[in-house]
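Chain naming follows the written order as A, B, C and D, and within any one chain the residues start at number 1.
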Amino acid sequence: MSDAEIRVAVLGARGRMGAEAVQAVTDAEDMQLVAELGRGDARETIVEAGATHIVDLSVPDATEDNVRFAVEHGIHAVVGATGWDDEKLSRLQDLLSEHPDVGVLIAPNFALGSVLATAFAAKAAQYFESAEVVELHHPNKVDAPSGTAARTAQLMGRARRDAGVAPSPDATQKDPDGARGAVVEDIHVHAVRLRGLVAHQEVLLGSPGEQLTIRHDSFDRASFMPGVLLGLRTAASRPGLTHGLDGYLDLGL
Amino acid sequence: MSDAEIRVAVLGARGRMGAEAVQAVTDAEDMQLVAELGRGDARETIVEAGATHIVDLSVPDATEDNVRFAVEHGIHAVVGATGWDDEKLSRLQDLLSEHPDVGVLIAPNFALGSVLATAFAAKAAQYFESAEVVELHHPNKVDAPSGTAARTAQLMGRARRDAGVAPSPDATQKDPDGARGAVVEDIHVHAVRLRGLVAHQEVLLGSPGEQLTIRHDSFDRASFMPGVLLGLRTAASRPGLTHGLDGYLDLGL
Amino acid sequence: MSDAEIRVAVLGARGRMGAEAVQAVTDAEDMQLVAELGRGDARETIVEAGATHIVDLSVPDATEDNVRFAVEHGIHAVVGATGWDDEKLSRLQDLLSEHPDVGVLIAPNFALGSVLATAFAAKAAQYFESAEVVELHHPNKVDAPSGTAARTAQLMGRARRDAGVAPSPDATQKDPDGARGAVVEDIHVHAVRLRGLVAHQEVLLGSPGEQLTIRHDSFDRASFMPGVLLGLRTAASRPGLTHGLDGYLDLGL
Amino acid sequence: MSDAEIRVAVLGARGRMGAEAVQAVTDAEDMQLVAELGRGDARETIVEAGATHIVDLSVPDATEDNVRFAVEHGIHAVVGATGWDDEKLSRLQDLLSEHPDVGVLIAPNFALGSVLATAFAAKAAQYFESAEVVELHHPNKVDAPSGTAARTAQLMGRARRDAGVAPSPDATQKDPDGARGAVVEDIHVHAVRLRGLVAHQEVLLGSPGEQLTIRHDSFDRASFMPGVLLGLRTAASRPGLTHGLDGYLDLGL
């Protein structure tokens, strides 16, 4: 075992994302998979296995304890589990201040393309007169619009407001059935549901004579793994809490 | 002057569409422009000029008299003017039964691409599990969804019902702001408004493992002229009333 | 067992397409799976099981014998196997003339969306000044352009020539590296290879002021099964040989 | 006249871009148009009119003298004229070192959307396994691929090489007619020519399970004016030479 090696314990290893992560870490030449934990397994295994990093893909009621355990043992953490509200984040930040060498990444989305698309959309939104979002998903999805689309629209709307951009022009007077969709932070958001699709998003920006379109297609949860590996490779060099994978990308946005 | 020649009088020649039509007829090698009429000009000019066809791009309160005048004089008519309700159409059909050699085309849309897109969408809709429509227009448009999108959705919805296809699956339970858009004949229709755009429509059809997309972009009213010329070239060989340019296309749909 | 039932034997049942077909037939309420044959299994099983139809997804050197066996026993056939050259097709047609009640469908492509996209493209091509094809596939594909794109371009090119349409305008004088792509029947064809994709095709048609785009996305071989089932439901009512699934669609194109 | 005002002389004012610039400056509330110069007009007019900025949209053999004249008189310059080779740029930089308060922007492209699309593409290219470019233009264009597409591919290719990314995977063995297009810095570039289009570009990035698409559509040269105005508003605060409008955008890329 070399000191430089990234020794990874996967938590939530029996879920679908967990199984993908186990495979991805196993396939990565610069990493070693040292433990796989599921619900009920003892956290001590992480330490006994000599893990330098955890990937936490467990459930909302377990993730806080998992991450705190890692931090207390000087182990870096890449976290895809949900349920991190402001209170939990604040408690984690307090703990991290006592362990200044440990890096934790909490990322609601590990798809690099999606993270880039959102960052680009937020950046570009201030330079165009009009901005809208269309998200397209499989028809089994229960909420509309998607969380990613709502967050993208929020970031775009805020960037436009900060730059003093007026709301997108819209002369609509008659729309009895709601064809213009939802409005999030002054940005219209449309949700399409179509059999055959997985998760897709299109940001449309328009000015006189030109249009910029930023589209992300997610076909498979395999798309999350490059982001997870990037997280693992970067966490040790970014002590403290990073929220969102974009914090690890060299975007300068 | 050859007998075979298409000799065209343009009515409503001083409007924007009329001016385009005057230009298009002038440029067509197999046609001759013989008269340009605006509001207040005497209809007799059409006959005196020896017109074999009229293009009527006048206003709703003039078009019926214009077309009846043409039919009574054995002149074929290609009509883009609006305002043809069922009553006027019925009266016209009665008149045409007395002039069995005359052909009249009344077309709400002369853009070949748009007419084809709608026909293909209506045809394909029955073969897919899911179907939605997204229309995109300039932000000065006052109504949503567009008339073309509503008509496309109607035709798609009816074709699906006639073929016994179930409504598109949709598990949405939470959509507080209406992101799912309008519903026309069981088809969800979304309206985007964006500076820089003109008139665009995308029909999305999905089944397990595949998607079919039929998109039409209208950048300029120049796009109507090939349809007007096709109408003029075809009217004499299609006696009676034809409603919609698709009736002149060899679609068999 | 009811006489009306479609009783299906799947040949080539152990391949990937075959396994999908076995599942699809099993799931179809109006069908019964009566036999699954792989390489080396005796064809007599088909008759003994009382099959009314076969789905042949076997290999090029077996498919002709399989289909002839079926026809000789009055069994309808839906064939996805490749290797049917003109000579084999001609021999099959001779055999079918002796069995006038039997229907055989040989289809190089069972994806309904792809078949519709090709038919629409061939139909629309004659109405536009410009026409090109872009196909996009996974990077493991060894040939470019794809067979489907080449066939689509051929059909489009022939339809344009039959209608007297001039080749697409192109003022290109300088293209040292071949960015304009391949030319098939006067239609430019471009091939993109991208990790993450499966099989996609975009037909682009342009005239002054407008564009028509027909795009098909194939994400998964599940997309072939609705076409296979449609073939099984239709074969008995279409005696003789039908080449291409479009022959079973009510396209009138 | 207020000191803060941007007082603009437009050079090359009788060309099509020049006429657009005259209009745009006239319409801008924070600017005053003080002179319009065409071929043969005396440069002294610029100084006599009290210009603080020039917009130079003249021709390759005049632009260097125009810009040097402006710099020598302490006037900022926004330059869209072409013909700036390394030698001219080097001479200009020498001159600017003697006038440290003057700002000059030389921009091959003033469309904000296009500049953003290129910057985003160059940034994102390093995070994906595959990368290609498709550009689409009107059929009167004489060169393929477009200069913008070639430059985008160059920037993407260099960014990938700098980040140690392998060339895009490609198993193509058989491509007799060149469907795979041109290759620029290991990036495949495809050129479509279609009546009805103006200038469009699509950057396609793919990894396992996901795709990122960045598309820019230029419908009209009106799209250049927001970039010209942004240049005029920014030049005074960016002394020295800036090459490319992206240098004035807060991209941090």
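Quick note on the criterion: contacts are C-beta pairs under 8 Å (C-beta built on N, C-alpha and C of every residue); 3 or more make two chains touch, one makes a residue touch a chain.
In UniProt terms, the chains line up like this: A, B, C, D = 4-hydroxy-tetrahydrodipicolinate reductase.
All values derive from a computational prediction rather than experimental measurement.
A.B. asks: Can you tell me which chain lies farthest from chain D, using the average of the Cα atoms as each chain's centre?
C.D. replies: If we average the C-alpha coordinates per chain, C ends up farthest from chain D.
A.B. asks: Could the interface between the copies chain A and chain D be described as same, meaning over half of its residue numbers are common to both, or is it different?
C.D. replies: Same residues, largely: of all residue numbers at this interface, over half are found in both copies.
A.B. asks: Compute the distance, rounded to whole Å, between the mean C-alpha positions of chain A and chain D.
C.D. replies: Inter-chain centre distance comes to 34 Å.
A.B. asks: Once you find the CA centre of chain B and the CA centre of chain D, what distance in Å lies between them?
C.D. replies: Going by mean C-alpha positions, chain B sits 40 Å from chain D.
A.B. asks: Averaging over Cα atoms per chain, report the distance between chain A and chain B in Å.
C.D. replies: Spacing between the chain centres: roughly 46 Å.
A.B. asks: Please set out, as single numbers or ranges, the residues of chain C touching at least two other chains.
C.D. replies: Residue numbers touching two or more other chains: 128, 196, 205, 207-211, 217, 219, 223.
A.B. asks: Tell me, which parts of chain A touch chain C in their complex?
C.D. replies: 196, 198, 217, 219, 223
A.B. asks: Contact residues on chain B for chain C in the complex?
C.D. replies: Residue list for chain B touching chain C: 111-114, 116-117, 120, 123-124, 127-128, 205, 207-226, 249, 251-253.
A.B. asks: In the complex of these two chains, what residues of chain C are touching chain D?
C.D. replies: Checking each residue of chain C against chain D gives 128-130, 132, 134-136, 139-145, 149, 168-184, 188-197, 204-211.
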